[in-house]
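Supplied in structure tokens, the structure appears directly below.
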Amino acid sequence: MDPTKLRDLLDGVRRGETSVDAAVEALARQPFAEIGGAVVDHHRAIRTGFPEVILGEPKTAAQVAAIAIELAKGGGNVLVTRVDPAKAAAVIAQIPGMRYAEEARCLVLEQHDIEMRGAGPIAIVTAGTADAPVAEEAALVARLAGNEVIRISDVGVAGVHRLLHRLDDLRRATAIVAVAGMEGALPSVIAGLVAAPVIAVPTSVGYGASFGGVTALLGMLSSCAAGVTVVNIDNGFGAGYAAALVNRVGGGRP
Amino acid sequence: MDPTKLRDLLDGVRRGETSVDAAVEALARQPFAEIGGAVVDHHRAIRTGFPEVILGEPKTAAQVAAIAIELAKGGGNVLVTRVDPAKAAAVIAQIPGMRYAEEARCLVLEQHDIEMRGAGPIAIVTAGTADAPVAEEAALVARLAGNEVIRISDVGVAGVHRLLHRLDDLRRATAIVAVAGMEGALPSVIAGLVAAPVIAVPTSVGYGASFGGVTALLGMLSSCAAGVTVVNIDNGFGAGYAAALVNRVGGGRP
Amino acid sequence: MDPTKLRDLLDGVRRGETSVDAAVEALARQPFAEIGGAVVDHHRAIRTGFPEVILGEPKTAAQVAAIAIELAKGGGNVLVTRVDPAKAAAVIAQIPGMRYAEEARCLVLEQHDIEMRGAGPIAIVTAGTADAPVAEEAALVARLAGNEVIRISDVGVAGVHRLLHRLDDLRRATAIVAVAGMEGALPSVIAGLVAAPVIAVPTSVGYGASFGGVTALLGMLSSCAAGVTVVNIDNGFGAGYAAALVNRVGGGRP
Amino acid sequence: MDPTKLRDLLDGVRRGETSVDAAVEALARQPFAEIGGAVVDHHRAIRTGFPEVILGEPKTAAQVAAIAIELAKGGGNVLVTRVDPAKAAAVIAQIPGMRYAEEARCLVLEQHDIEMRGAGPIAIVTAGTADAPVAEEAALVARLAGNEVIRISDVGVAGVHRLLHRLDDLRRATAIVAVAGMEGALPSVIAGLVAAPVIAVPTSVGYGASFGGVTALLGMLSSCAAGVTVVNIDNGFGAGYAAALVNRVGGGRP
Amino acid sequence: MDPTKLRDLLDGVRRGETSVDAAVEALARQPFAEIGGAVVDHHRAIRTGFPEVILGEPKTAAQVAAIAIELAKGGGNVLVTRVDPAKAAAVIAQIPGMRYAEEARCLVLEQHDIEMRGAGPIAIVTAGTADAPVAEEAALVARLAGNEVIRISDVGVAGVHRLLHRLDDLRRATAIVAVAGMEGALPSVIAGLVAAPVIAVPTSVGYGASFGGVTALLGMLSSCAAGVTVVNIDNGFGAGYAAALVNRVGGGRP
Amino acid sequence: MDPTKLRDLLDGVRRGETSVDAAVEALARQPFAEIGGAVVDHHRAIRTGFPEVILGEPKTAAQVAAIAIELAKGGGNVLVTRVDPAKAAAVIAQIPGMRYAEEARCLVLEQHDIEMRGAGPIAIVTAGTADAPVAEEAALVARLAGNEVIRISDVGVAGVHRLLHRLDDLRRATAIVAVAGMEGALPSVIAGLVAAPVIAVPTSVGYGASFGGVTALLGMLSSCAAGVTVVNIDNGFGAGYAAALVNRVGGGRP
Amino acid sequence: MDPTKLRDLLDGVRRGETSVDAAVEALARQPFAEIGGAVVDHHRAIRTGFPEVILGEPKTAAQVAAIAIELAKGGGNVLVTRVDPAKAAAVIAQIPGMRYAEEARCLVLEQHDIEMRGAGPIAIVTAGTADAPVAEEAALVARLAGNEVIRISDVGVAGVHRLLHRLDDLRRATAIVAVAGMEGALPSVIAGLVAAPVIAVPTSVGYGASFGGVTALLGMLSSCAAGVTVVNIDNGFGAGYAAALVNRVGGGRP
Amino acid sequence: MDPTKLRDLLDGVRRGETSVDAAVEALARQPFAEIGGAVVDHHRAIRTGFPEVILGEPKTAAQVAAIAIELAKGGGNVLVTRVDPAKAAAVIAQIPGMRYAEEARCLVLEQHDIEMRGAGPIAIVTAGTADAPVAEEAALVARLAGNEVIRISDVGVAGVHRLLHRLDDLRRATAIVAVAGMEGALPSVIAGLVAAPVIAVPTSVGYGASFGGVTALLGMLSSCAAGVTVVNIDNGFGAGYAAALVNRVGGGRP
């Protein structure tokens, strides 16, 4: 029941045109969702500063474009994830200002400047060059949600000195996204070196016993280091989003 | 190389007793770990306010007691996880002030008051009564790390109204730990209702196709809601620890 | 032994041309299947009102067309499932009146009006837009078997208010098909809100730890809500068919 | 908000003591759960005739007894599932009238006669003698929910004639629960012979490649017969409960 | 319909007391199982010479004893598989002449001499000493079904010369049961050396990546040698039984 | 050491040109393989009447043709399995008399008439039409190895009467190959009806929880019927080959 | 054919008492195994310096003692692996000089001094204290096979500085055994730091997604570092044995 | 900190321009990686004689060419693994002297002669012809790292005499790489015949229950033979590399 209708009902009660019994009945049968709708609005308000997001993969270019145009009316920034180049080209042709972040495989429509809201920089760390697309997706959503992003690339555990070389950058970050395939050990090593929370993203990089990212996923879940949490395989978006949420705890930047 | 030895070396250089070449040689061959040791110290300093933690399960009562006594010398609080009642009794007999948190299956030695450091309360939410032990472990480490804890119990998704009834409490929390077995859907529903980051803990509750928590784990990783990250099955400690880290991002309470 | 042959044998006995011993022998050795054939006929009679069904996937267009033409001779409606557009076009070219339900990926030949037989409407509920093809297949078979179908779409558990908004429709249904991928939690939430039986269909929607629908399947089987039963991954046909059977228990509509 | 409080609020509006704005505000912020609570009550009313159910396995005898006593106050029948003999004895000692159904491993407190509500009998069919405990659990909940139960035992597919021998009984049933371990083929064979819906229950009977019921579960999900739905391994309770729900569709018995 | 009833019916037809129509009706509705019962008898007759078999594992000593006594009335030999020593002692106490084959974990009641029926000897081959119990079970059922048994033990592939040493014995066999755990390679090597069919039995021997016999099972199924078929993990009974069936093809011994 | 060389050595000893010591040395160091080669010849001789077999899948058309030409020199029949139509055409172009069995996806070169060697007919039974290619491969190798083949098609367990209808044919067979996908229950039902050994072949037919044939495989291994052995998924060749071996036990036809 | 018999045969040929034809026949039919036996002797000679090894787990104390006594007659050292304390005590009671290495769960009988044969020291490295038993087993067999052993303990990747601290010791080793549970990342880090071959041993340490060592196993197989090979879960013996073999390549110590 | 900067700092101390305190501070905060960088250099020096290696699979031809050109500047040999023919052609077009090893699917640039460093020859053994590509990759890296390579092909365990025929070659090898798909039993048989360490490589050859190499992998890990270690599925590169490392232990060739 939207506020207008509710006000009408209550006005009826106040004027004596609606009996209290009838109003009790009407309100008690009120479907949840009307209030639920309000909840969502309130909720979205709290997440102000995040882009509108469309999962592009299972949708046609026409569907993506239609939804993106609709969402863009709100004036916010719009992010479409998991878009291949052909679909991207088809969408861009319909939406002025939309651009394609090729490595991240995302479409972005930036309609307003991004206000910095995170407590500090988010580090996006990769074990190998093949992890870059997932990391780029994470970096994009983190940036659009108002965070400075530090990229630390190709610092896998088989060359631990390369990671140590970037320790100062790692320590500057207030939240860390660690992206790795194969044995997925990078987040464990990082969590042993820094005090910030580490969000681990397994990637489907590797072959044979890597099982499309399952080995990295299990390794991250079994991490011997406290402070690591994990998202789904190749879920760069989820990691960047969660890192952005984490990075606002405590009110974000002054 | 500890600072004393380093100072001695440098004093030798300054006094001309040690040649620059010899000092270069000594420092270049300096094992990493000496500096690494310093790193760890620095690192631990950042995590000030966390208890010292011992994983009790693979250790004998004698081993637990010895390590706990050693760690207690630092004056901090000490937490021992995964301790059964018999082992707990044996340890308590040796350490005055140690007490057993039975439901959490943890031993705790509180040597000083806990300073509140979190940005706000951490909500620990369970789907069913059988998830309580894991939740208690999470609650204990979160509290010892300086956080107010709100418990929201037995609000599984098959009775979604019970969860909605606690919505105000959920929204007060700045970080949420959601504990569930069976299909593990609770974190998805929560993340759709609140703006705080949600750390999901699958439990080994259930039978048959629950596969000792694997189904809940996979469900949480596949969550259709953004903002959810996951820890290992039954890893209440890891969830509480990560929630405490998250809850300090941005500097924690003023 | 078909009735004619059986009658001939008995006539022989009656006329004294066949001894009782010889007839006992002949009947005792009678293969099962002859009677079995009769059983099937009887059985099919009970399922009157269901369409004839062909699984299109492993067959060529020519095979599908031949079987469909044969089955259509009985005068009933014919449904072909799992047909891609190219194969559909090839079949339609050979069978006047056959049409293609594109989203459901089914061919339908309606040769007679459908008589309503269900006790009430069947609700087909989806968690996300990507679940639509499976839901459409379920809806098609449910309708062809004589049921009113209510569609409730895109009400996944990460936005539980959207589901609550449709509660009146859900409660009108006498049987419910709940279609969901990823964590597959939708059936649990529904079964907690309504009194009708819920048939859950996991879909192969999702990536990584969704494992092509296995996670949703396991989640549905592990449901914490009573009243949920499950069919195979992406088995919209099976769910719609089972819902139609359920919806006739008690005699269907008056 | 309970009806009394709601009425007070509306009376205030009617009397002019509460402004319409204040009432809008109060109602708009009304937590879901209050209405949700009402929903549940309504919902439970629809499921009248089902026993109150307690999952006994993860609870102590004391916990079971306390909950059972509380639930019994409502005057309904009470069922406790998954109780071993020792725990059963301890509970019985505290609750007069409670009795132990040993094979089903359930405690039952029947406080009132059971009203028949099902459309017809429910057949509970087992493949082998080792499937009996799961079948008994299903039979118990089906009976308590107001259904006549037909038991058809030990009719596994390696002796298909034994099943055919019971065909008349099978065909009398309006809903069927088929319980089988090992290859789990029984439900497929049954669904090919009858017109009623078949609810399949895999059991953990078997060894090696039976994998504790997983093989039977997968076999049932992959059934080549339409009309089969599946519940979790060893979930006799869930199967009996779902069968009882199904058996009321269409209004149950005249 | 048993022969007596059938004869009565036909007599009625012959005497003109029963119309042909009524008899057709009665016979057409005749349940399968009556004839099915006859089928089974016929079938069992073909398998003359096999012992009666009881799977002991899920039954109590009292149940085993009762069934064994019942089956023994037919005068045949009786085999009870998967019986631990305690249960065996309890059964033996009730059945004179029953003895316990400890390594095979079977009870045997030999009421008559065994007639040799196999085409030649069956070789039972093991890879290691830990495979002996499964092999003994296979040997026991093979012998009871009328076969000479050759034991070739401890000839695993890591010492291929030990197997070659027994080549003459292997080549004498007309059917071979190859029992192996760990990598399960023994059947492949044997099938490359002999012309007889090889029935492979994986055992649950091994640890870690042996996964309780699954690795051996998969290895045997993936065998690079033609002529190998496989039974379930630890299923010595099934292998011995199948070998005995195979060994009678062609009519067995002259 | 081939016979000629061996004879030369012994002649040397006989003539006194080679000392006994030198001959002992030479013979003791004789590599296995020389005798091994002889073994293989002997072994192949025993399997006389089987075709020469080439696994076509991993080889190029040129490789297949070269090997087939080489093998054909021996005058025997040649079978190439797992050949797609394009590769088949390329091979046929090079080898006169080679023909393509399309459904079985095999190439066959029959250079001599096939002598009947089996004890009786081999029945090749399928559950559904999609199982036909695997069955055809089995039938082809069985026939080439000297067996009469009976085809019994499309008799899956969801229509058990269709199988019973063919019972006489089933009982005529001295060995049975049962081919089924999905739940894979066909071999269990057959083994309960006949006395011949049953070789079960799981097929990759089905979707979702069929897991590419794994469910059928596990179901067959877990069969509740004695007398069933299993080969790898889709391994029609292996099943037909093993059936042919089995069908010669006891000496085959008189 | 043992040398004596062979000599007799050849003497017969030399004396003209045995024809060349008869001798060719006798030798051509000579079973492989006789020569095979010789091969093994030769082979064992090459592995001189390794202890005799008995896998204790599946054997009774009496069996272990009997085999150990038999093997001890050769004068070599004897190692029994996987022995629990009770079994160990029973064996020691029968064999003077046998002692129990408790942490390694092994029995050892050292009858002669161990000659150093390895090229250099073997480092046995563990990630955590719970990995110690597996490491001790590896260390024991490595030492008995003639190698100096360096222990580097509790240097898991979550505290990478602890590992770096021991870099000099690591670099001294000519072969490395790396033992780790949970995510199993230790071998990758080590292989990135040293030039020696690394043999990785996954342990069953951990819970939940560690799956009894499977996660560590998969991680090690998927290692991003070249130079790592892997043995079975908890297979300390196999790792130590392989390391000892590796450590002799090139002839071992001068 | 590079030596020059370090020297400057120490010169400052020596001259009194830098205080000891400031130097301690500067050195204690020295990032690990600087020293780490040195470590890597030192480390690479030890592995002198190995080619530079690029994993070609996830990179474009342009990326491969650029990296190869860069690495080639060092004057060493360069190996690119996992390159398909099209990519190979594109790279070769840009780099004079680069050639394509087609079966191994590798690009090789040999800029200098290879110095023999291994203790003896490395045998690369395959079970079947389909294992050749993986074996060729192993052979290539082994040769480039300074080893003589012996190829022993197509000696799978179903024809064990073929393997025995090559025993002399096997025994000459100081390290062995055994490559096999399907049941993966070859390494076990080899390790029972020779004294050299065996590195096992499972291949993805096979179908059905081979599960893309998983069955071979598990079989190799479960090997009943001591002295076997395992690398990832199809990881020919890793096996050849590890064999080359092993083959230098003890200093390699004199």
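Letters A, B, C, D, E, F, G and H mark the chains in the order given here, with residues in each chain numbered from 1 onward.
What we mean here is this: a residue touches a chain if its C-beta (ideal position, glycine included) is under 8 Å from a C-beta of that chain, and two chains touch if they have at least 3 such contacts.
Note that this is a predicted model, so its numbers are computed, not measured.
Using the contact threshold fixed earlier, the set of chains in contact with both chain D and chain G is A, B, E, F.
With chains reduced to the mean position of their C-alpha atoms, the one farthest from chain E is A. Put simply, the C-alpha centre of chain D and that of chain E have 39 angstrom between them. Per-chain CA centroids place chain A at a distance of 56 Å from chain F. The distance from the centre of chain A to the centre of chain B, with each centre set as the mean of the Cα atoms, comes to 24 Å. For chain G, the set of residues that touch two or more other chains comprises 32, 35-36, 39, 159-160, 164, 167, 193, 208-210, 214, 217, 221-223, 232-233.
Contacting chain pairs (ordered by label): A-B, A-C, A-D, A-G, A-H, B-C, B-D, B-G, B-H, C-D, C-E, C-F, D-E, D-F, E-F, E-G, E-H, F-G, F-H, G-H.
Note for the complex: chain C touches chain F at residues 31-37, 39-40, 58-59, 202, 204, 213-214, 217, 232-235. By the touch criterion stated above, chain G contacts chain B in their complex at residues 129-130, 159-168, 205, 207-210. Interface residues of chain B facing chain C in the complex, by the touch rule stated above, are 127-128, 156-160, 164, 182-185, 188-189, 191-193, 206, 208-211, 214-216, 218-225.
Interface residues of chain A facing chain D in the complex, by the touch rule stated above, are 3, 6-7, 10-11, 13-14, 16, 20, 23-24, 27-28, 30, 32, 35-36, 38-39. The touching residues of chain B, counted against chain A in their complex, run 32, 39, 43, 46-47, 53, 119, 164, 167, 174-175, 193-197, 199, 217, 221-223, 226-233, 237-239, 241-242, 245-253.
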